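In the two complexes below, chain A is the common chain; its partner is chain B in one and chain C in the other.
Coming up: the complex of A and B.
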């Protein structure tokens, strides 16, 4: 475990335990404590990574594998946006306000544990903590949709946990250890690889199910659509990315050390990635619910990350890591905007909305920035990550995959344009007539995320340097 | 030997109780107790890693998920009559199992104790918990916290309704 980042796990946990006592009589204190904890953590992380001396040194001074720090920062950023938004979104009388913030902070501590651990079993334990917190958070408003989503989430991701456990047991028997390093050493050696490849396949399958990759995506749209509005942003923005996609990327980087002996597994991962891109994009075209469309879009974008992880070249891993960060920014923005729409218009049904731009200009324009970045339009951040992935595919001779990835990027633009026209542009609907822009604090997280999207796009050379350091440390 | 047998009997009793309990919550608690006694058997036979993993996976994770699932069930679901005729055969099955255990279990424990002596390198419980698997303990603390917050989140809403 990366001990340098341990504080980022312990402090949210401490605040989570403190909140029920401190905010017992004054529920608003829960908002303040949660937000201050995450803001302080984020500022500290930015100081660690973006000090002028660190940038001037080409990020060589970043501790650990540099990926952990980047992902902890992403976890804190999305967490801060969600808690800040929730503070103004949540109804005053919600009886479980303190528990809600405690659960969010516990899930942030668990995600920090996931990205800082160097051991498969510890990774599994933290991922199960995430499963428990997600289960509780999805049902925050006790709606029927939320309970259905939570139960589907539980029953469809539980077999994944069983697969991961069996894989871990085989690792334990074959390697005598569960650390990433011992697996790396074993894979680089000439020892018999059959059981280890089999165990890797089981673990990979488990994490692909948890990532919501096609054909294991049945739980994703229901969980995202049914859950409490800010929780959708938390789940889609970061939780499923850390509990599934991060582990897929991590395992895929380790598979490289098999030196071609796990080629079939890598090819299968790539195929499932491409399938997700296609199925997610085509399904998104047919949706009428804004949140459900975003859920299918999320499946499609996760496909890009999985495709790049399966390819496993340094350039592809850089693209995968960059797209994972980008996905956290644009999907959080879009889900928070859907929550704002729900609050202002009372619905997220796209057939009942229209002309919302007149009533909610800020929400409309932050959506435009996020959707253009998702579709990979330059110079926004999503363009660079997709470019890296497509270039990596082309360089490896997988031209069909590269062309298809590019084509589905255009489909992404198409379904988002349809959404934008139906919801925000065009003639004013009755819903737009009675709606008005949400308050500034509810807009602030989306505006902040849009700032990050634009900054990552415009300052790409610096970020490229950072992800290059990540790729060098984890796979070269 | 008496210690192993006692743990084994306790495991069997808790397992039967988990299956036959009328309330799901009781079942979940009994399942956790099964995990704890199985972990103790592992520790006792010199397999502390297996014991730690058993504790982490079962006693922590599954119990919390069960309590969560139970707390989501509405009152009318709990009151629905249950067909329990299939459980009538359980005492008979338990009796047959107990007689078989009386004959075979001591020899099985002898065998396991022999293996425990051969593999006498697994370390102590303390070594496995505090030295080798310390980050897992942190995960278990988080799991415990998540379970408490989950119950705190779900029960006030049920009480209000």
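Coming up: the complex of A and C.
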């Protein structure tokens, strides 16, 4: 456990316990508590990472492996956007605000635990906590869709946990300890023997199921589509990325995929990554529900991260980490915009919407920025991460993978253009006549995230320096 | 025959039974039972690993934590089941088809 970051785990957890008591008769107090906790944490983290002296020193002063700090900041950023949005999105009385904010803060504490932990068992414990809070959050409102998504998620994620547990048991026999370092040392000494490869494969399989990579993607669209609107932004933006994809990236660096000792596993992970890029993008083309299309797009973007993690060279890991952050920013924006649409127009069915840009210009333009970043249009941040991933693939001689990844990036642009034309551009539909722009507080998180997207894109040299420190520390 | 080989044979068997139970049944209750069987196999694997490496204390600590998590997971699963039953009036997994596309 990275002790320097322990406070970022404990304070949200403490607030989560406090909220039901303090805000018992005053639900508005729960809003304030949750937002203030996350804002304070985020400001603190930014001070830790972006002090002028730290930037001037090339980020060498960052404590621990710099990856935890970066991901904790991403967790807090998305968490703050979601809580701020929910404070103004929720109807009076429904749902139970105290329980809702307690759950969100608990899930943020659990995610902080996942990214700061140093051994497999703690990772498992926090991932289970995260999963349990996710089910409660998905079923926040009593719609039938939420319960259905939650049940599908439940019956795929817990068998995956059992597989991870068996893998951990085999690690206990062959490594004698469960810390990440013991696996790293073992992998760098000699060729791994059978049991270690088997255990790694089991754990990798479990995390691939949890991250919703293609043969195991059955739960992802249902859970995102069915859940309560701000919760789907929380889930798609950060929860499944931390509980599945982060662990895949971490395991890829621990197994040292770049030096070819776990060749077969690395190739398999890369193949699944490419498969989910392809299947996610093609399935997104023919969706009619806005949220479901975003969910398939999420599968496709996760494919890029998994592809880069499977390659495992320092450049690829840099691309994977950067894409993880970018995914958090643009997918949160898009899902929050879908929630705004749901509030203003009452539906997210793309066939019933149209010409919404006349009614909701801000929502329309933040969507445009987010989708251009997803598709990888320069100078937005998504361009740089995809560039890093494709360069890493080309450099390792995997030219077919590089070209296919590039081609499906164009398909990404295609389905987002279809979405934008159907929902925001074109003639005014009856839904657009009726609806008007949502209030400023509901727009603020999306505008903030767009600011982050543009800033990361324009200040890429500084961010590249940071990610380089990350790659140096976690790989070597 | 080594006693641990027998352990792991049984663990694989129990896990297979659990997965078969999840695959073959339509009722959510039975699926939950299958899930429980699968995670019991995972727990047995941990105990066996602890005994094999003479590290039972560590295995015990992990196992107790895991049992606590297990209880929470079962409670969540049953809550989902009850809520689903209230909404649909059935616990059939094939009724869950309102989300698709």
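Everything below uses one rule, namely that the second predicted complex is superposed on the first by the 470 of 476 C-alpha atoms of A that agree within 3 Å, B and C clash if a C-alpha of one lies under 4 Å from a C-alpha of the other, contacts with A are read in each partner's own complex, and residues count from 1 in each chain.
Throughout what follows, a contact is a pair of C-beta atoms (placed from the backbone, for glycine too) under 8 Å apart; a residue touches a chain by one contact, two chains touch by 3 or more.
Bear in mind the structure is a predicted one, so any value in this text is a computation, not a measurement.
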{"item": "Chain A as common anchor, with chain B and chain C clashing or fitting", "value": "clash"}
{"item": "Chain B versus chain C as contact partner of A:173, first or second or both or neither", "value": "second"}
{"item": "Chain B versus chain C as contact partner of A:68, first or second or both or neither", "value": "neither"}
{"item": "Partner chain in contact with A:162 - chain B first, chain C second, else both or neither", "value": "second"}
{"item": "Which superposed partner A:276 touches (first chain B, second chain C, both, neither)", "value": "neither"}
{"item": "Touched partner set for A:385, first chain B, second chain C, both or neither", "value": "neither"}
{"item": "Which of chain B and chain C A:110 touches, first, second, both or neither", "value": "first"}
{"item": "Chain B versus chain C as contact partner of A:292, first or second or both or neither", "value": "second"}
{"item": "Chain B versus chain C as contact partner of A:139, first or second or both or neither", "value": "both"}
{"item": "Partner chain in contact with A:435 - chain B first, chain C second, else both or neither", "value": "neither"}
{"item": "Against chain C, colliding segment of chain B, chosen among 4-12, 58-66 or 94-102", "value": "58-66"}
{"item": "Contact residues of chain A, present in both the chain B and the chain C interface", "value": "121, 125, 128-129, 131-132, 135-136, 139, 142, 147, 150-151, 154, 158, 161, 165, 172"}
{"item": "Complex contact set, residues of chain A against chain C", "value": "121, 125, 128-129, 131-132, 135-136, 139, 142, 144-145, 147-152, 154-155, 158-159, 161-163, 165-166, 168-170, 172-173, 176, 221-222, 225-226, 287-289, 292"}
{"item": "Residues of chain B defined as touching chain A within the complex", "value": "49, 53, 56-57, 60-61, 64-65, 68-69, 72, 133, 135-136, 138-143, 145-147, 149-150, 152-154, 156-157, 159-160"}
{"item": "Chain B-touching residues of chain A, taken from the complex the two chains share", "value": "1, 9, 13, 16-17, 20, 95-96, 98-100, 102-103, 106-107, 109-110, 113, 117, 119, 121-122, 125-126, 128-129, 131-133, 135-136, 139-140, 142, 147, 150-151, 154, 158, 161, 165, 172"}
{"item": "Contacting residues of chain C [partner chain A, same complex]", "value": "11, 15, 18-19, 22, 28, 31, 35, 38-39, 41-43, 45-46, 48-50, 52-53, 55, 58-59, 62, 65-66, 69, 72-73, 76-77, 80-81, 83-84, 87-88, 93, 96, 98-99, 101"}
